[in-house]
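In order of appearance the chains are A, B, C and D, and numbering begins at 1 in each one.
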Amino acid sequence: MNDALNPSALIYLLTAAAVFGIGLHGLLQSRQILRQLLTINLMGSGIFLLLITLGGGSDGPPDPVPQAMVLTGIVIAVSATGFALALLLRWHELSDSTELDAVADADAVQDAHDE
Amino acid sequence: MNPQEVIASLLLLSGCLFFIAGTIGLLRFPDVFSRLHALTKADNLGLFLICAGPAMRREPLCSAGLLLIVWMLGLLAATVSCHLIARRAVRSGQMEPRASEPPACVPRTCVPRTCASRTCASRT
Amino acid sequence: MRAPDMRVPDMRVPDMIGLGIDAVLALAIVWLALQTVRSRDLFKAMLMFVVFGLLMSLAWARLHAPDLALAEAAIGAGITGALLLVTWRRLQADGHEPADSEHPPLPLWLRLPTAGGASMLVASIGWVALELPATPGTAGELAWQRIDDIGVSNPVTAVLLGFRAYDTLLEMAVVLAAWLGARAVAIELRPGALPGPAYAEVPLVGALLSLVVPISILVAVYLLQAGGNAPGGAFQGGAVLAAGGVLLCLTGRLEAAAQTSGLERVLLVLGLVVFSLAGLLVMASGGAMLALPGLWAIYLVETALLLSIAITLVLLFAAAPGLRRAS
Amino acid sequence: MMSLILPTTALLLLLNLAVGLIRVSRGPTPADRMLAALLFGTTTVAVLLLLAEWMALPALRDVALLFVMLAAIISVAFAGMPTTDEEEP
């Protein structure tokens, strides 16, 4: 496969790596749940791009297997995001916070249950 | 190179020109409303020209029909989006009521207030 | 689906322009990802992410993956953006401005190594993968060789419903599980319309709905039908149908109900039930499990999957047990 | 000739789009960012149509159709957002 690496595949490979790195970096440094979800989605997009680039990097017909996997991945990513956003709404209702901060928010949830 | 291709190329390039004009308007115009004005009109004309280019040299009629549908739906989306964005901007007080303005005025004085005047001033 | 290159005499120059397109696209994608992570304003970050989705779809197009471009267009441009903006709206309606935290950001000496290390990790994985000797008989090549056995000429559909049907079945189960989870946590949310303005008095919204919703149904059916021999299929069609439903929710035509109706229950499990039944029936008649016996079976399963995916995504968007027509 | 004009136009439009990113980044109001995102919708559709012709992938026209169909969703979602970012009316 290495001899058939064309420059545009290389470009997208680097893009995939950069997007994943940026997403991971953002996930590590953000505390707000909504932003963390964005960064997780960015990381997912980076992985998708990597899969497709590696599958189609050589000449010839594009590999359908990674395409099918990424297709299911896109649908699962949006479902997981929807679930996470529902969790976020519930968390916000219970703790009146949109961040995950272990000690303080556990207290808040405890208070909400005690009421 | 046949005349059809020449016409198609001209259509594509002029469409590109309208997109660039829209972007210049987006970057240079002073407030939301004039930016909306520049963008929605110029871009949809550009989209039409870009749709018309490939449609010129296309034999099957259904492909040209699809391009036409794309353009019409683009018009609809731009109209509704422009309306909704402008409506929300008006609601949020980015435009002064115009009753006090003289009816025939040069654009510079009767454009809606820009961020420099009321919108940002009252936020501080 | 086979990538046809331009075989024209002046091949060099268009190829170089194509490379330029790739470079601009890649730079814009990376810049958008950076802005999504770095912007202080959360609304700006969400919008950057939506635009990121638009450009990803162009990238799929450049990578000869129109199936993915279709899915990304329906989901990235339609559902994800609306989902994020509506969640933000709900948080604000509860009287909470989801501003960024007061916590100081991590120090630079900690941030730069994490970012650089993460990129280098992925880049090295990519390089290793590229340096691997090409082994004959990858799954994709086998799929291309045996695509005639399945009966559809779109290789992605063939992989989804023929060669790797387990994956597709389990994916449907995962999507359903995501909704069940959302239902479990959202059960105490107030039913009713989304917080926000009523659209009844906005004149253009009615016109938009009366055109876009029927067209979304039409396009969903078209994509399902095209999925056999051209890009398209149940996932893309389901996402388009779901986008139409999301539009109805957004404009207040549909509101959250406290109960799941009988029809919704049927539609939710339809994909799983039809797919499993078809697979089991094949097994009962002597074939391998989930080896669908022909084109009609594939279309039957795909139709069921499309309906299930669409209803599940709309219900996930509404974060509600069910939907009802606005009174 | 068309094999040259089509990618050139696509490249010009993409550069145009990249310049438009400045407006999303600058703002200053959410409406400004939103309308710049609107520009991207239209430009992406145009680029997709050109790529469909150039790469001989007619399916990309379907992608363009999806984009124009769903372009309004994000605006509708945006228009419903409360206006607390700016000032009270």
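FYI, a contact is a pair of C-beta atoms (placed from the backbone, for glycine too) under 8 Å apart; a residue touches a chain by one contact, two chains touch by 3 or more.
Since we're looking at a predicted model, the values are computed, not measured.
Peer 1: If I average the CA coordinates per chain, which chain comes out farthest from chain B?
Peer 2: It is A whose centre lies farthest from that of chain B.
Peer 1: Which whole number of Å gives the spacing of the CA centres of chain A and chain C?
Peer 2: 13
Peer 1: Can you give the whole-Å distance between the Cα centres of chain C and chain D?
Peer 2: A distance of 19 Å separates the two centres.
Peer 1: Rounded to the nearest whole Å, what is the centre-to-centre distance of chain A and chain B, using the mean of the C-alpha atoms as each centre?
Peer 2: It comes to 34 Å between the two C-alpha centres.
Peer 1: For chain B and chain C, let me know how many angstrom lie between their CA-based centres, rounded off.
Peer 2: About 29 Å, centre to centre.
Peer 1: Could you list the positions in chain B whose residues touch two or more of the other chains?
Peer 2: Within chain B, the residues that touch at least two other chains are 73, 76-77, 80, 84, 87.
Peer 1: Which chain C residues touch at least two other chains?
Peer 2: In chain C, 3, 18, 62, 64, 67, 88, 205, 208, 212, 215 touch at least two other chains.
Peer 1: For chain A, give me the residues that contact two or more of the other chains.
Peer 2: Not one residue in chain A touches at least two other chains.
Peer 1: Pairs of chains that touch, anyone?
Peer 2: Final set of chain pairs in contact is A-C, B-C, B-D, C-D.
Peer 1: Spell out the part of chain B that touches chain D in their complex, as residue ranges.
Peer 2: Within the complex, chain B contacts chain D at residues 1, 5-6, 8-9, 12-13, 15-16, 19-20, 22-23, 26-27, 32, 35-36, 39-40, 43-44, 46-47, 50-51, 54, 57, 63, 66-67, 69-70, 73-74, 76-78, 80-82, 84-89, 91-94, 115, 118-120, 122-123.
Peer 1: Under the stated contact criterion, what part of chain D meets chain B in this complex?
Peer 2: By the definition above, chain D touches chain B via 1-2, 5-6, 9, 12-13, 16, 19-20, 22-23, 28-29, 31-32, 34-36, 38-39, 41-43, 45-46, 49-50, 52-53, 58, 61, 64-65, 68-69, 71-72, 75-76, 78-79, 81, 83, 85-89.
Peer 1: Which stretch or stretches of chain A touch chain C in the complex?
Peer 2: Spelled out, the residues of chain A in touch with chain C are 1-2, 5, 7-8, 11-26, 28-32, 34-35, 37-39, 41-42, 45-46, 48-50, 52-58, 60-72, 74-76, 78-83, 85-90, 92-93, 96, 98-99.
Peer 1: Can you check the complex and tell me which residues of chain C touch chain B?
Peer 2: 202, 204-205, 207-208, 211-212, 215
Peer 1: Touching chain C in the complex: which residues of chain D?
Peer 2: So the residues of chain D in touch with chain C come to 3-4, 7-8, 10-11, 14-15, 17-18, 21, 24-25, 27, 30, 33-34, 37, 40-41, 44, 47-48, 51, 54-60, 62-63, 65-67, 69-74, 76-82, 84-85.
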